[in-house]
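As structure tokens, here come the structures.
Presented sequentially are two complexes of chain A, the first with chain B as partner and the second with chain C.
Entry: the complex of A and B
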């Protein structure tokens, strides 16, 4: 009987010890979170006369899986209408401003002019060299009174879920 | 005999003078021909060689953390040193609420501390935006700019 009680006590101790060990085995998550980061590369100005075709994209980017960086023309661009026509205005204008118009295209797609709020460039994954695309413009036609014509453009970037 | 010698001398002089003038004439003709460019046929205006289009580097953010109910904030805004333009940054809680605007920021310079126009309550603001306006270094004329859509994490 004594032997039985001793064995029982040992059994109880073993079970309680095992329970204690199990209670101590809490799971610990080791987390290392790297936020999305990128450096945009935009044309400083667009000189249709004297400069090479401008480029736009990223200088580098590090985007999480299942997400994508998108670039588009901002809705705040006053020089662009809904059809994507860009109006260049002659500088130092007095009185009625002289204006010229053009349209902008990306990635060699000459069918669809870039419009406001419509993404035209995407980047995903990680790249230390970034990725870019070229911008092209329709030839300015018609009478061109002498002077410098320009328009300031604003590009919007955002990271979105795929 | 003497007469013959004189005539020969005169003929020789005439030949020499004529030869000299002929040589001069030919040389002049050769010189004139050398001045004419061997050019192409005019087929209309061609594009002259162009300079590379300058670019601006703009740091992008997916989210920015802010302290709740405080106007004093710590951030990491900078103008990359490769740029050749000023930045003017502004932080927007939503398209209608500007929280802060910088003065002109030179290339290679950063803003780590700023004071907001108003404190922001705790929460996530996913209509936020960091706006970059760019200006030339010499005349401070406007250049192309950018808007970075982001989330403000206010805690």
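Entry: the complex of A and C
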């Protein structure tokens, strides 16, 4: 009988102990964010007389998944019209400026000249060596009076969601 | 507290994510070289005792850059008697239409485009003629051009 009472008490104690345990789960999110990074490879000067296979792109890039780096001609380019014709203006002009024209192409596509606000280069993922595309130009057109002709091209790079 | 968290969450979800764009410039350039022609007389006969003989006008024509000019300079070789090596030389000078001595001239880009001409005269002093001996005299004018 004593043994029974002892067992019963142990059982009651055990039950009441089990009844006081409370589980409270909470989560901790560990976050480490690596921002997009890229180094653009854009030629400072392109000499159409001595064209040395100009290229454009990145020296390296590290772009988040579901995003893409795009390069395009800026809408602010005054030397390019809507058809992608680039106008070079003679320097040191005293009278009416003489002009020459050309068109620029990328990726060996000689059918579609590069136009403002239309991306022509994209880079995704991570590359320590970067990626590039070649630029080509049509033969200079115009009367060609002697002189040095310049045009300033502004390229814009931005990362966008896919 | 929960309300503030909810507002913050909604703000994060619905705020537009800005796209950062970076711009860089490229200078596109080409140079068309100067191309011009100097026109000069190849031969000019001079009448005996002529003090002033008009030469065909010289000109520079063609295409120069706006900041370029063609300078034309002359070098004279006095007229020598080809039949009598002991005869004195017959010195001469070149003058322009204002009778100023002309040794060089400059054509800028507009002058070359307009094909500006310069009238020149070959002048021989009366004293020089008086010293001349019978025979055929020949001299030379060398025109040299340079781009400045």
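Some points to look at:
Heads up, the rule we're going with is that the second predicted complex is superposed on the first by the 134 of 162 C-alpha atoms of A that agree within 3 Å, B and C clash if a C-alpha of one lies under 4 Å from a C-alpha of the other, contacts with A are read in each partner's own complex, and residues count from 1 in each chain.
In this text, a residue touches a chain if its C-beta (ideal position, glycine included) is under 8 Å from a C-beta of that chain, and two chains touch if they have at least 3 such contacts.
These numbers come from a predicted model, not from an experiment.
Taken together through their common chain A, the two structures put chain B and chain C in a clash. In the overlay built on the shared chain, the residue A:88 is in contact with chain C alone; chain B does not reach it. In the superposed pair of complexes, A:157 makes contact with chain B and with chain C alike. In the superposed model, A:55 lies in contact with chain B only, and not with chain C. Of the two partner chains placed by the overlay, neither chain B nor chain C lies in contact with A:126. Look at A:112: by the touch rule set out above, it reaches neither chain B nor chain C. In the superposition on chain A, A:35 makes contact with chain B only, while chain C stays out of contact range. In the superposition on chain A, A:145 contacts chain C only, with no contact to chain B.
Within the superposed three-chain model, A:100 lies in touch with chain C and out of touch with chain B [touch as defined at top].
The residues of chain A shared by its contacts with chain B and with chain C are 40, 42-47, 74, 152-159.
Residue ranges on chain A touching chain B, taken from their complex, read 35-47, 50-55, 59, 61, 69, 74, 76, 152-159.
Within the complex, the chain A residues that touch chain C are 40, 42-49, 74, 79, 86, 88, 90-95, 100, 102, 140, 144-160. Of all residues in chain B, only 50-63, 80, 84-85, 134, 142-150 touch chain A in the complex they form.
Remark: chain C residues 19-35, 62-68, 109-110, 113 touch chain A in the complex.
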